[in-house]
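Both complexes shown next keep chain A, but they swap its partner, so chain B is in the first and chain C is in the second.
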Partner chain A sequence: MHIMEGFLPPAHALGWTLAAAPFVVWGVKSISRRLKEQPEQRMLLGVAAAFSFVLSALKLPSVTGSCSHPTGVGLGALLFGPAAMVPVGLVVLLFQALLLAHGGLTTLGANLFSMAIVGPFVAAGVFRLGRRLALPLAGCVFAAACLGDLATYLTTAIQLAWAFPDPAGGFVASLVKFGGIFAITQIPLAISEGLLTVLVVNALSRFNAEELKGMPLLGQGEVRA
Partner chain B sequence: MKRQNWLILAAVVLLTVLPLWLVPKPDKGPDGQAGEAFGGADSKAQQAIGKIAPDYKPWFSPLMEPASNEIASLLFALQAAVGAGVIGYWLGASVTRDRLRRKNELPQVVERDKRAD
Partner chain C sequence: MLIEQAAYANRWRRVAPAAKACLALAALISAGLAPTPATAAGLAAGLMLLTCFGAGVPFGLFVRVAAPATGFLALSSLSLLVSLSGDGAGGLAWQAAPEAVPRIAAVAARSLASLAALLMLVLTTPLPDLIGLLRRLHLPEIMLDLMVLCYRMLFVFSEALHDTLTAQQGRLGYSTARRSLRSLGLLAANLAVQVWQRAQGLHLAAMARNGDGPLRFLSPDFTHATRDTVVAALTGGALIVVTARLGA
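Moving on, here comes the complex of A and B:
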């Protein structure tokens, strides 16, 4: 999902940066407020960030014959709410952009938008919907993390198709092309991310049942996966 | 619960390993060398941009690039290691806390058992 440095025209790069900026402010506020109210959650925030660090460093092979990586932001979105994952995603993306030349500073806004904004918000929305339909917790966690991951890659495909419409087929033809590269590659990886998130939530509900009660999303209803 | 966790882990491993078998080897290029399999989706997208807009020139380049692929994999490994370290610390601390809690509860359980006898 990393759009490479310089690979978005200046207007798009600036637009996505402006679009992502307010979410960063909101996210930082949301995290600092939460830690002030419940300092004991610091450890779990660390776990959520660490999960995203690990998963976004693992490039996994996929059925399309290319490699991509999960994002790991779904877990944190379920624990701390989607806004809290924006600063976490920013740290991951900055590390990769500055040290690894993976992604970039001009595309940071666009990448942040797909990975740390669309992904977590879709994950939280899917989770809420699943719980409202009274689906089992494990199923909701899986669907949330999996679809959040896919949504990130779909967003990248849309961003690129918007910036580079096909000369013949326009936006749609481009979207099909970039969607084939990103979204289809991502399907098995998104399933893996969903499964791993369920695994961590299983461990959390066994070891951190007290802390989970205070969580905005996972704390609702019984906590058993 | 335990069984479910193992099944999940097995499924993740299968999902990761199966593509390595399932995907056919890429066709040989004009130079007779086999094309690169399992390249990054990011660089595939970069190539696709090159096809759609051949005139597009990236207008900014990374401030710093890893000196080689080895250095890049070092940094990726570092990123994963930092994350895994934090998760490992949390799991270790949690398991120990859980065990101590159980140990403190145990005497009462034993007493209750004796009474039941």
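Moving on, here comes the complex of A and C:
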């Protein structure tokens, strides 16, 4: 769920851009270090950005009968790690604004914060926690993708509620309002995306097990969901 | 992609990207500074006319590109028109908030003006030109490499996606919701496998040519770049001043 161009007040747009900036710097430094050790990953990350862009064009069937597109937040975080997802997410969001008019330049910081920072970090955190608790891999992948997705939408709801507090109930009422609106569509979609991610990881482990071993999260241990 | 079609076939194709970016930036600032919804709406209309009649972008194409974002804006505006408050019995009650109308008008007009500014830029400037501009602004090389690779590979993946979808649809892969999810999983996994295969191929090709540095491509030459940029900066500055003073 991208916030469209110009929708946020200028102060909020600037604030979210400043909030996202340190993560971008850290992400760029992190992948620069990684590329010095594994130069072949330069092409991999660029191609992965194109994959994420194309993935967002897929229509995902939802259990409510509606359909929307997958965010790829959980899958990206599991494959490439949350640090790499910040610069990759920045490129994907920028391209979505410039090639599809989806999102925007003024809201790039806010969208980046929800989709390329909060979502991937929550997904990676949930996955690590699940593995530490020795939960089945399928459950960990599902929970990571599903909760990463929901965290993204919750962050967007917070951003909107903060920018547009309810005239009567203030921030909290506005958050309940935006959260309620998103919940109707996004909870079923998050479940669908969780199932889709499990299917993708299963197929990858069947066809690409060797390459998965080199990945930051899925490479740690057996990769059959 | 409709935006790509227009970006390569408009009258401003040979205008320097720095000039168009400068004007778009000024228009975005003006949209943020517009003191009244009428000013912002006027700005949106002016930018649309400039894009369609100045740069020669077909009006129908402009509308088709702007339609999804405008529809989303309409839905978002409706959500702002609803207020949530306690109903006195411990529950929550949804009610219309007519007092929010002026604020909604301001947000909608600002969004439309900002969208028109964005479209003025992207409908007249191909993405490789913008990447070239970012290179001159000294964006980190790693980000530029990601952008170059992403731009070149997304058409390859789009083609692969289209072909695979057609093959799956031809085998009733999307006849039920359950099959759709399974087919989508296989499709995404197949594309994900291609990420490694294509990345490895590109890496080998680059290594075979000693290509371990930044990925550079020739940029088109813009003959009147300085003149265009100065004109755009002056026009943009005037736009900001006029927009800000209109409500004063």
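Simple rule for what comes next: the second predicted complex is superposed on the first by the 192 of 225 C-alpha atoms of A that agree within 3 Å, B and C clash if a C-alpha of one lies under 4 Å from a C-alpha of the other, contacts with A are read in each partner's own complex, and residues count from 1 in each chain.
Basically, a residue touches a chain if its C-beta (ideal position, glycine included) is under 8 Å from a C-beta of that chain, and two chains touch if they have at least 3 such contacts.
Bear in mind that the values here come from a model prediction, so they are computed numbers and not experimental data.
Look at A:174: by the touch rule set out above, it reaches both chain B and chain C.
With both structures placed on the common chain, the touch criterion links A:91 to chain C but leaves chain B unconnected.
Of the two partner chains, chain C is the only one touched by A:28; chain B is not. Look at A:164: by the touch rule set out above, it reaches both chain B and chain C.
Of the two partner chains placed by the overlay, neither chain B nor chain C lies in contact with A:135.
Using the contact criterion defined above for the overlaid structures, shared-chain residue A:191 touches chain B, although it does not reach chain C. Residue contacts after overlaying the shared chain place A:58 against chain B and chain C alike.
In the superposed model, A:182 makes contact with chain B only, not with chain C.
In the superposed model, A:46 lies in contact with both chain B and chain C. The contact surfaces that chain B and chain C form on chain A in the two complexes overlap at residues 4-7, 10, 43-44, 46-47, 49-51, 53-55, 57-58, 60-61, 63, 92, 95, 97-102, 104-106, 164, 166-167, 174, 177-178, 181, 192, 195-196, 198-200, 202-203, 207-208. Every residue of chain B that touches chain A in the complex is listed here, in rising order: 1, 4-5, 8-9, 11-12, 15-16, 19-20, 22-24, 26, 37-46, 48-49, 52-53, 56, 58-66, 72, 75-77, 79-80, 82-87, 90-91, 93-95, 97-98. Residues of chain A touching chain B in their complex: 1-7, 9-10, 43-44, 46-47, 49-68, 92, 95-102, 104-106, 156, 160, 164-167, 174, 177-178, 181-182, 185-186, 188-189, 191-192, 195-196, 198-200, 202-203, 206-208. Within the complex formed with chain A, the residues of chain C that make contact are 1, 3-4, 28, 31-32, 65-66, 68-69, 72-73, 76, 79-80, 82-86, 92, 97, 99-100, 103, 107, 110-115, 117-119, 122, 127, 130, 140, 142-143, 145-154, 156-158, 161, 177, 180-182, 184-196, 198-200, 202-203, 206, 212. Note for the complex: chain A touches chain C at residues 4-7, 10, 28, 31-32, 35, 39-40, 42-51, 53-55, 57-58, 60-61, 63, 70, 75, 79, 87-88, 90-92, 94-95, 97-102, 104-106, 164, 166-169, 173-174, 176-178, 181, 192, 195-196, 198-200, 202-204, 207-208, 211.
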